[in-house]
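The following block contains the structure, expressed as structure tokens.
Residue numbering begins at 1 within each chain, and the chains themselves are lettered A, B, C, D, E and F in the order written.
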Amino acid sequence: MAQIEETAALTHLEWDTPLFQTAIAQYEQAVPFADISEGVAERLRYPERAVMLSVPVRLDDERRVVFAGYRVQHSSVLGPTKGGIRYDTEVTLGECAALAVWMTWKCALLKLPYGGAKGGVRCNPRQMSQAELERLTRRFTSELLPVIGPQEDIPAPDMATNEQTMAWMMDTYSMQIGHAVPEIVTGKPISIGGSVFRHEATGAGVVMVIARACERLGWNLAEQRCVVQGFGNVGGIAAHELVARGATVIAVSDVSGGILDEAGLEIDAMLDFAKANGSLEAWESGRRITNEELLELPCDVLVLA
Amino acid sequence: MAQIEETAALTHLEWDTPLFQTAIAQYEQAVPFADISEGVAERLRYPERAVMLSVPVRLDDERRVVFAGYRVQHSSVLGPTKGGIRYDTEVTLGECAALAVWMTWKCALLKLPYGGAKGGVRCNPRQMSQAELERLTRRFTSELLPVIGPQEDIPAPDMATNEQTMAWMMDTYSMQIGHAVPEIVTGKPISIGGSVFRHEATGAGVVMVIARACERLGWNLAEQRCVVQGFGNVGGIAAHELVARGATVIAVSDVSGGILDEAGLEIDAMLDFAKANGSLEAWESGRRITNEELLELPCDVLVLA
Amino acid sequence: MAQIEETAALTHLEWDTPLFQTAIAQYEQAVPFADISEGVAERLRYPERAVMLSVPVRLDDERRVVFAGYRVQHSSVLGPTKGGIRYDTEVTLGECAALAVWMTWKCALLKLPYGGAKGGVRCNPRQMSQAELERLTRRFTSELLPVIGPQEDIPAPDMATNEQTMAWMMDTYSMQIGHAVPEIVTGKPISIGGSVFRHEATGAGVVMVIARACERLGWNLAEQRCVVQGFGNVGGIAAHELVARGATVIAVSDVSGGILDEAGLEIDAMLDFAKANGSLEAWESGRRITNEELLELPCDVLVLA
Amino acid sequence: MAQIEETAALTHLEWDTPLFQTAIAQYEQAVPFADISEGVAERLRYPERAVMLSVPVRLDDERRVVFAGYRVQHSSVLGPTKGGIRYDTEVTLGECAALAVWMTWKCALLKLPYGGAKGGVRCNPRQMSQAELERLTRRFTSELLPVIGPQEDIPAPDMATNEQTMAWMMDTYSMQIGHAVPEIVTGKPISIGGSVFRHEATGAGVVMVIARACERLGWNLAEQRCVVQGFGNVGGIAAHELVARGATVIAVSDVSGGILDEAGLEIDAMLDFAKANGSLEAWESGRRITNEELLELPCDVLVLA
Amino acid sequence: MAQIEETAALTHLEWDTPLFQTAIAQYEQAVPFADISEGVAERLRYPERAVMLSVPVRLDDERRVVFAGYRVQHSSVLGPTKGGIRYDTEVTLGECAALAVWMTWKCALLKLPYGGAKGGVRCNPRQMSQAELERLTRRFTSELLPVIGPQEDIPAPDMATNEQTMAWMMDTYSMQIGHAVPEIVTGKPISIGGSVFRHEATGAGVVMVIARACERLGWNLAEQRCVVQGFGNVGGIAAHELVARGATVIAVSDVSGGILDEAGLEIDAMLDFAKANGSLEAWESGRRITNEELLELPCDVLVLA
Amino acid sequence: MAQIEETAALTHLEWDTPLFQTAIAQYEQAVPFADISEGVAERLRYPERAVMLSVPVRLDDERRVVFAGYRVQHSSVLGPTKGGIRYDTEVTLGECAALAVWMTWKCALLKLPYGGAKGGVRCNPRQMSQAELERLTRRFTSELLPVIGPQEDIPAPDMATNEQTMAWMMDTYSMQIGHAVPEIVTGKPISIGGSVFRHEATGAGVVMVIARACERLGWNLAEQRCVVQGFGNVGGIAAHELVARGATVIAVSDVSGGILDEAGLEIDAMLDFAKANGSLEAWESGRRITNEELLELPCDVLVLA
């Protein structure tokens, strides 16, 4: 029988960045408390598969540039892997690997029959036109074809990708398969099969957690005074939900700073205003405060959105 | 229209090691002489696809260790990619990428309808038993399944892999497909569909080149005096071929040193002897010389095998 | 950049019959009110795909005749296309195209994730034996195989086709696939997976609409006096449903003429009678009236089945 | 047993144009001489399958236009169908059907294991840019996917389509399949797997037939005096081949008119000249004649290219 | 027209054992009462398909032994076949065929859209190590691949196979398919997708039937005195369920004999005891009786588990 | 580690008939001389897979009878299995298994990359009409679909099956696949892709062996006097070939008895006569002898066809 120095087997792999090491260090803390064999524990220290792809794209000025695309799949034992696709100049193999590991834990904590994945393209999406982003997304999806699928790996929106990106991915995949396959991505537009309430899910979920916490503490949520930092997709919806459940939101903030009204803010009117004007900068009622002041306001519930 | 800084697009990718930079630097020297568009040139600077796989293997002592497997495919435009699978502690993404690039050029120079690929597993094959190597090979092949195939990518033997390794790969692939698929690998044993003469190909090829060179120089190969350094799969066969074409081999060497006979050595008897005894150490006729002396012998043809 | 005369692009295509022009003219009236881009509008003016098939059939007298089969698929963007298969001497490409277009609108109005299709065979089903119809259906299904499927296009019964036709289609398709695929057709017999209540669905649906209308008008359906023209699959079931909801059905008609009883007819007994005797011709209670008289009876609800 | 009026079964189908009727009338003349059953004869009167496709294309001016695409497959009994793809404003179902029928006979006369097909897009290719033609070809190929394939139906160049068109079709098909599939089209560029000598095949074939005819007539081809009308892909190569076999070409013509030299023309020099200058208009030696004069020259062999 | 002696057509087939004849004899008794055609009746007399497989297994002592594996599928008309996989020295084609027939009737009586199947391996599982059973199961599953599938045929645990066996089958199948396919087997562990309550289903089902019987008889289950023979997976759970519904269990038995307490036994404590000690042998309260005495006890409900 | 009594593992399997035991006994005699491991030897003692199928067929009198079909595949290691399909009342699992084993050895002796298979249907083909045989063959082929294929298992004609049977099998298989697949069977008609010379192959092969034997013996075949028993597909063609190589055929026989002419028979005229008249019964030249007399004629070469 041969002797193998186990510790040397996988040192310094290409995904071994500080972020990935953080993810694995957290895992090592948890392993002793889990009732799993060393064989299983060892398997979960590494993503099952990582793919790097060259994605050639014709730019609007007719130059042809090749971008690097990534997809890392961590664990497919319980079902398909799933996780976001991000477009960013800092996307690396290590970042995707770390985020894929975390997606596995998120799914496992909710007992969902999924494993974790993450991917993306190293590019600067803010410098690219919509047409360029469409061509990038379609070509990236084509190259991903052998490793994604409703039973294999399901992409989702992430940093700098959105409903439109998912619609392009779904369309490219569906044309290859020969019929509409809405289950290939999550986060697609409702009109082509997306989930109702997905947009509101994160903000509303925050308030569900607050409600549960109040219940355990024996507090009545309707009597609480709340402060919400952030007024976008998460904070704005959380503020709306809090008011809807009877709570008083005394302060919110966005990029333009904070607004305080000890008697409670008119959240729905402010949401309409922010939607129409881009921010709350010109909102006139209430008292302007800095974001720092907001974070130090006395309150029962502080939401960091 | 957006502006994209092309130069930043793909810098510092995970396969960007010194070896890969060497391969690309050679390519950049050749590009100006090739009649290709910048779009095509750009595409060929990057492998199309690279896959990293975790390969869990049960060792003979029942430990479960995870090895890192790689496969890089450089260009599939003209047909399937092909290239070796190596088992070595130094296998990295960058090494596989560089070797895959070179495989594309080798195929292109011979006008073969193939592109280049290369892969391997980071392990120490000398520390592993045959049973462990079989389990490693079979699991690595299983994980490779979505990206290899007779029309997609064809593995071959390379450093520390051989006919047996290819037989395991072919068997694993064939069981998945449901019938024998000999065309999934090259370099397999003749009994299951391997190519006759592949074993002798390199040594015989050396002599074909020598014969061509003589032809151009106006020399008669049958009149040349030859020295061959090395007496294994390449040198031994080259020596045999030289003699078969009428040339005189006056000296050969192997790990045990060199042997000289100005009248010409009995190569075929020496080959039988070496096969039976492991080396030429105990061969008694001729004069023993050092390897250094051999390299400085006056001769017409010197083969460095 | 080249100039293309758009209007000439698709004039006088083979499906461009008066019926198809009617369908498109209706569409053109609706387009200005829909919030869709011209690109989308243009796409929906044409079926995505139309297939004409030659269907060779051995007749009972051993002659071999070739029939023309059709299948037109209008829009597959939201999911599989679906629609009927008709057997008729007047089936043409234009008719199938027009009906496929209308199926898309029907599905869209109910927000079903389906698109429209329609097909059929040009034949005279009344001149054919059951054995000939079976052979025709099975061969037509075989020829359709590359373009139908549970995710691609789902046939349904239509003019001169029925549950038995769908059972033959499902069996032929399932044998090709290798296992039972009930989801390939709708309208199949309940014993092999058909939907309960499909038979009654149209008649019951008529009464659901009447109930809604009453609700809006502030009427009590149980107090209404109803006249039903037709006493088959639609009218008979509608009459039964009206009575079951408390309404009074004062007159019905079938091919044998009308029957009136201002005090309300015994609908369930009449249904049993019609089933046993083929029509209401020999039904003895009530007053015989003509169909024309029936249509002019004073009443609250008139059902034209 | 039911009675079916066979003659009415398939009258006035959508492909029943004068051209198709011509093809079938020729067939009916041949049938009595063929040793085939009526069942087989009947089957061959109709194409097995015809597909009409809507092909949406984005024009260079951003308009979205839908073109009609066609593919008709006549007989697949002996192997895959094959035949050209044409781009023309006059493409119709009937034209494709007639040409598909003729392709079956052409293959059968050469005992090739293929059947006939033909297809195309109704468009004006002379009004379209290369980019528009590429988008048209790629989308048309995508829509054709379920009905073409190396074992099913193999496209080829035809009116207004060429090597480039076939390269686009092959690339689109290959990306869908996941690897290079050169066998999906004939007539592709040699660099991606096209056949050597295909370009010269028609012109050289003309001369092969002439040589056979001379052989039967007991003439010596090398002694014949030849006139060639046309100096392009067919006529130019035929003239070259005639000269290569020793014959004397005394006159040729192109769009600029005819050139006569009773002593024989310098064909190879003229071919170089025409290639460099676009036509023979400025060619100075020999005597200028009209095309009509050329056709009435006394000669042994007249080639109408 | 030829004459065929029908009765001779399928006599003495290899599956024609006494057990299979028993199954068919029962079927013949039922056929006259079923409203089915003779064609359908004839079809159901024979399994649709039976497969015998050689399963080579490496034993722990390195010998290679070949085992015989079986799978018989009786009827796939209504949906996939399903049924157990047994490991036993007495497994034969006839036994599997008979049990497959009975599975069809079981599914049909519950109107489930499934047909019957049964299979197994002829081996002595008590002489085999866990490692040998794993290798046997994985290889048997590989060989079964072309004939099983979630839509074709679904294995389940049976004699000497259990949750672990199903987990190996699912894993082997999933690796072949390329992603987790929990629906390929029933009876798998809950952690990889097994059904909650399957373990308790048989015992609880017995009590559901008793409750229904009481209801029809007008008895109050809570007032009944019950005797349960057997205290394992079926009897133990049945006893627990009877007590949970208020009934009195006066006696139970296991391999160690019976225990009687006219006042009612403490079933839950006994279950805990049996789980901890392997049997009720050392249970001290109640009166020891023989199994024969138990079967003759006066009682309202007697459960033979 | 468990103990397994190997000898008991596979005794008395359903294919274990005297014929199969004969085949295996021959194998056991050969094994000691073969250079193979015990693991390989053990594997080859058993067919890899045997399938029994119920084949429901509608007879001409509308009765529905179920026939038993078989296919046994012995070894697929070197490539697809291949072997005949026989229709006979004596077809059993054991017979098919024995013949499949022998097919493996036949292929191996010729170093063909195939393994052995054999199959058939238990029926009396002489009592069945052509229409019934077609329906039987087509349904049997449909049921075989999951286990045959050009890469998996290739049927051929055998007892009571012929070119027509293979044409039905090929057509049924091709319709399932969607295009012509001539490589699914051997022995099909030349017009749909069968091999030229297959019909003559056995008779001509006999003479090739005779020619080789003469060569070794130093005889001149053209000087030999030959007797041929049988005048059909084998004997008739052998007689023709012998004459074509210059030998003298002095006597032949068929069902009508023998014919002798010491000066040599006019074989080609006799072949034409037999084809026209069904036998040589009315052939007038030569001397009539009995079959027994023929077998005792003095001669150099005796062919038992």
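The rule is simple: contacts are C-beta pairs under 8 Å (C-beta built on N, C-alpha and C of every residue); 3 or more make two chains touch, one makes a residue touch a chain.
Because the structure is predicted, anything quoted here is derived from the model rather than measured.
The chains in contact with chain C and with chain F alike are D, E.
When chain centres are set by their Cα atoms, the one at the greatest distance from chain E is D. In this structure chain A contacts its sequence twin chain E using mostly different residue numbers, the overlap staying below half. Taking each chain's centre as the mean of its C-alpha atoms, chain B lies 56 Å from chain E.
We define each chain's centre as the mean of its Cα atoms; on that basis chain D and chain E are separated by 67 Å. Taking each chain's centre as the average of its CA atoms, chain B and chain D sit 46 Å apart. Annotation for chain F: residues 146, 178 touch two or more other chains.
Remark: the chains found to touch one another pair up as A-B, A-C, A-D, A-E, B-D, B-E, B-F, C-D, C-E, C-F, D-F, E-F. Taken together, the chain C residues at the contact with chain D in this complex read 1-6, 8-10, 13-15, 38-39, 42-43, 45-54, 56, 58-61, 63-68, 89, 92-93, 122-124, 127-129, 132, 143, 146-147. Residues of chain C that touch chain F in their complex: 142, 145-146, 175-176, 178. Across the complex, chain B is touched by residues 76-80, 113, 149, 151-152 of chain F. Here chain C touches chain E in the complex through residues 178-182, 192-193, going by the rule given at the top.
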